[in-house]
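Order as written gives the chain letters A, B, C, D, E and F; numbering starts at 1 within each chain.
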Amino acid sequence: MSNKRVAVFRKEHFNAAHRLHNPNWSDERNERVYGKCNNPNYHGHNYELIVQVIGELDPDTGYVIDMKVLSELIQTEIIELLDHKNLNLDVEAFKDLNPSAENIAIVIYEVLRSKLNSNLDLKIRLYETERNFVEYPVA
Amino acid sequence: MSNKRVAVFRKEHFNAAHRLHNPNWSDERNERVYGKCNNPNYHGHNYELIVQVIGELDPDTGYVIDMKVLSELIQTEIIELLDHKNLNLDVEAFKDLNPSAENIAIVIYEVLRSKLNSNLDLKIRLYETERNFVEYPVA
Amino acid sequence: MSNKRVAVFRKEHFNAAHRLHNPNWSDERNERVYGKCNNPNYHGHNYELIVQVIGELDPDTGYVIDMKVLSELIQTEIIELLDHKNLNLDVEAFKDLNPSAENIAIVIYEVLRSKLNSNLDLKIRLYETERNFVEYPVA
Amino acid sequence: MSNKRVAVFRKEHFNAAHRLHNPNWSDERNERVYGKCNNPNYHGHNYELIVQVIGELDPDTGYVIDMKVLSELIQTEIIELLDHKNLNLDVEAFKDLNPSAENIAIVIYEVLRSKLNSNLDLKIRLYETERNFVEYPVA
Amino acid sequence: MSNKRVAVFRKEHFNAAHRLHNPNWSDERNERVYGKCNNPNYHGHNYELIVQVIGELDPDTGYVIDMKVLSELIQTEIIELLDHKNLNLDVEAFKDLNPSAENIAIVIYEVLRSKLNSNLDLKIRLYETERNFVEYPVA
Amino acid sequence: MSNKRVAVFRKEHFNAAHRLHNPNWSDERNERVYGKCNNPNYHGHNYELIVQVIGELDPDTGYVIDMKVLSELIQTEIIELLDHKNLNLDVEAFKDLNPSAENIAIVIYEVLRSKLNSNLDLKIRLYETERNFVEYPVA
């Protein structure tokens, strides 16, 4: 008989600068599409990150995954990569990828996915501001 | 090959007065079912609205939908309709419909659904208070 | 030797309808000054109330005032007076007083001040929305 | 024709002490797995509980379920069971079950499931802290 | 007889990039004092700004100051100056001033002070993150 | 000429178990005064702590106090003392002192006051729950 499936969530945060810019477009089109988010000198956010992991409950520990282990994984793989960085200039993954909230969530997902046991499901929610946020993947 | 599907969320708010009342019932039954929410002189709330849109990521923009466009759509179609209004008296949709949180969410969904491209999925979460909220539609 | 002075805070909430309107002014002036807050059919809010009481710590109880007693006092004197009410129509204190956040805070202060022991100081903070709030009294 | 399905959510809270401990393990293994959560003298949390109920909208009331009824059910069945308690010592359900957030959510689910009409779906979200939370059941 | 004095608060927000750097110090000292906040490529924040205005209540309006007027003043004088900007590169006031939270609050105070009637008192609270914030002036 | 005075705030949190009990009283009186907070098996809270430090701005650093230094001080002196502890059993300061929110705030103040430079003012705000909190000292 299989164990019960439970979702667990861990919230972390990081601060970063970015700008939205498509190098294949004219400056005028970048300005029209991205508005003040295209500021060449960058702007920034306090990103709030919620990592959701779904899996079977281990009846011995009462855990799906040890939250200290999950928190340390996010710290090592994501926070050290993105915190107090300029996403466009300092982070390899965004050298040719626009650091929109959507793309940041996908990058975070792919990094964590490669580190988590494959019997665990993973979903990322990323708040760029309290009023704008994204979730990946979706069914 | 299809693009990645991502959910994006935009939070807005509006303030309104309402009362819960079923005109087909006696005053006594309205009072029994709705309690103080049946006050004939109305009461009110700060409604918090979260609009979720799911669709394919556009690789050129890094967006599912431009959040400024989504925010303006909610502003024009929903906030101007409901903000600082008496839902029972001032809003056509509630002339014959009880403005419960459930029904307000359904009305908001139907207005926005008719304005959004059909390849985008839509879900509404509406907070009547911090402790009472609803979501529509559900699978 | 006097005991240590400590401030204690209790947060409560109520929902109400209101409109801003000065009966001594023309409709046109009311509309110009109060804008959509002047809607004759009312609008409403979830008010968050923080009651601050300052006094000497009782060394026997470890309390300035028993928070259950303070919470019940707010419940009986304020929440029953204002919750799920139309402030303009249902509440005596606003029969001739504009129910602005400032005036609601003053009314709450005066009701609670008359019920609290005079060796306790009292201050009211009232949130009309998350972005608009007031405090009374101030030095 | 069936009615529209809507999800409604009610948020409640309780405060409790607990410790994580597996009596089948050595003290040394308990300490290694649970760290400071294994403190034999207990620690505690303000648990935030969100109960989600999904069902068909009743067109007469505008409700899936009366939120006062749902709130009273949670109060009677859950808050009185867990609030201001030592989960390990005072609550029968945890006599032989580790009170991890995951297991607390499952216990809450099972108590409420047995009290709710079977045509209503139920999901529990439990915040142990603002940064650690769980959800049960998941598909 | 003087009117009652009340404090009113308006919350606004802006997003910006910055770095902490003292040009009179060596790179090594800047790195030692400011750590990752000294990143030459900048990082950023969602700043939450609370503007407090204290004054006499106008008995005709029920207002200390019209919150729409206050909100528009903050919008015109502060948000347009700082939002989606690189504080070090784009904002004149920080050309020779380190954009620490303390200094940003002082700059905001001085701009708004020069625009507000002198019979109104003013205080600024600025959140750089949810966990780090400042207030100016203090007695 | 003296420098500008600014208040800076740092928010931290800890989880702990406690009970309210006065050993000089009968069980019956303890039960009457403290109610369920007197549970002999303890209950617990997620305490949110806001440490406010007021001082002159250092024009070289742009800081009143380095927030990393303040955060580490709170971590070393307070969080390690109180986090995941049973306040009554594990913490020397509460051996003969009731761990009410008021007394916990006073203990935190006295520990930090002895470690901070005397030209800095200090104030403690402690949230026992979102709805009950205290501040010490007050003028």
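Just so we're on the same page, contacts are C-beta pairs under 8 Å (C-beta built on N, C-alpha and C of every residue); 3 or more make two chains touch, one makes a residue touch a chain.
Note that the structure is predicted; figures quoted are calculated from it, not measured.
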Seminar exercise, completed: Chains adjacent to chain A and to chain C under the stated definition are B, E
For this session: Give the chains in contact with both chain E and chain F, ordered by label.
Result: C
For this session: Would you mind checking which chain's C-alpha centre is most distant from the centre of chain D?
Result: E
Exercise. Across the interfaces A-E and A-D, which one involves more C-beta pairs in contact?
Worked result: A-E
Exercise. By mean C-alpha coordinates, which chain is most distant from chain B?
Worked result: F
For this session: Could you tell me which of E-F, B-C or A-E has an interface matching B-D, in the sense that over half of the contact pairs are shared by residue number?
Result: E-F
Exercise. Chain D to chain F: how many Å between their CA centres?
Worked result: 29
Exercise. Using mean CA coordinates as chain centres, what's the chain B-chain E distance in Å?
Worked result: 34
For this session: List, in ascending order, every residue of chain A touching at least 2 other chains.
Result: 130
Problem set entry | Touching chain combinations (by label order) | A-B, A-D, A-E, B-C, B-D, C-E, C-F, D-F, E-F
Exercise. Tell me, which parts of chain E touch chain F in their complex?
Worked result: 20, 22, 24, 33, 35, 97-103, 105-106, 130-139
Seminar exercise, completed: Residue set of chain A touching chain E in the complex reads 13, 15-18, 36-37, 39, 41-46, 83-86, 89-90, 129-130
For this session: Could you pull out which chain A residues touch chain D in their complex?
Result: 4-12, 54, 57, 60-64, 66-68
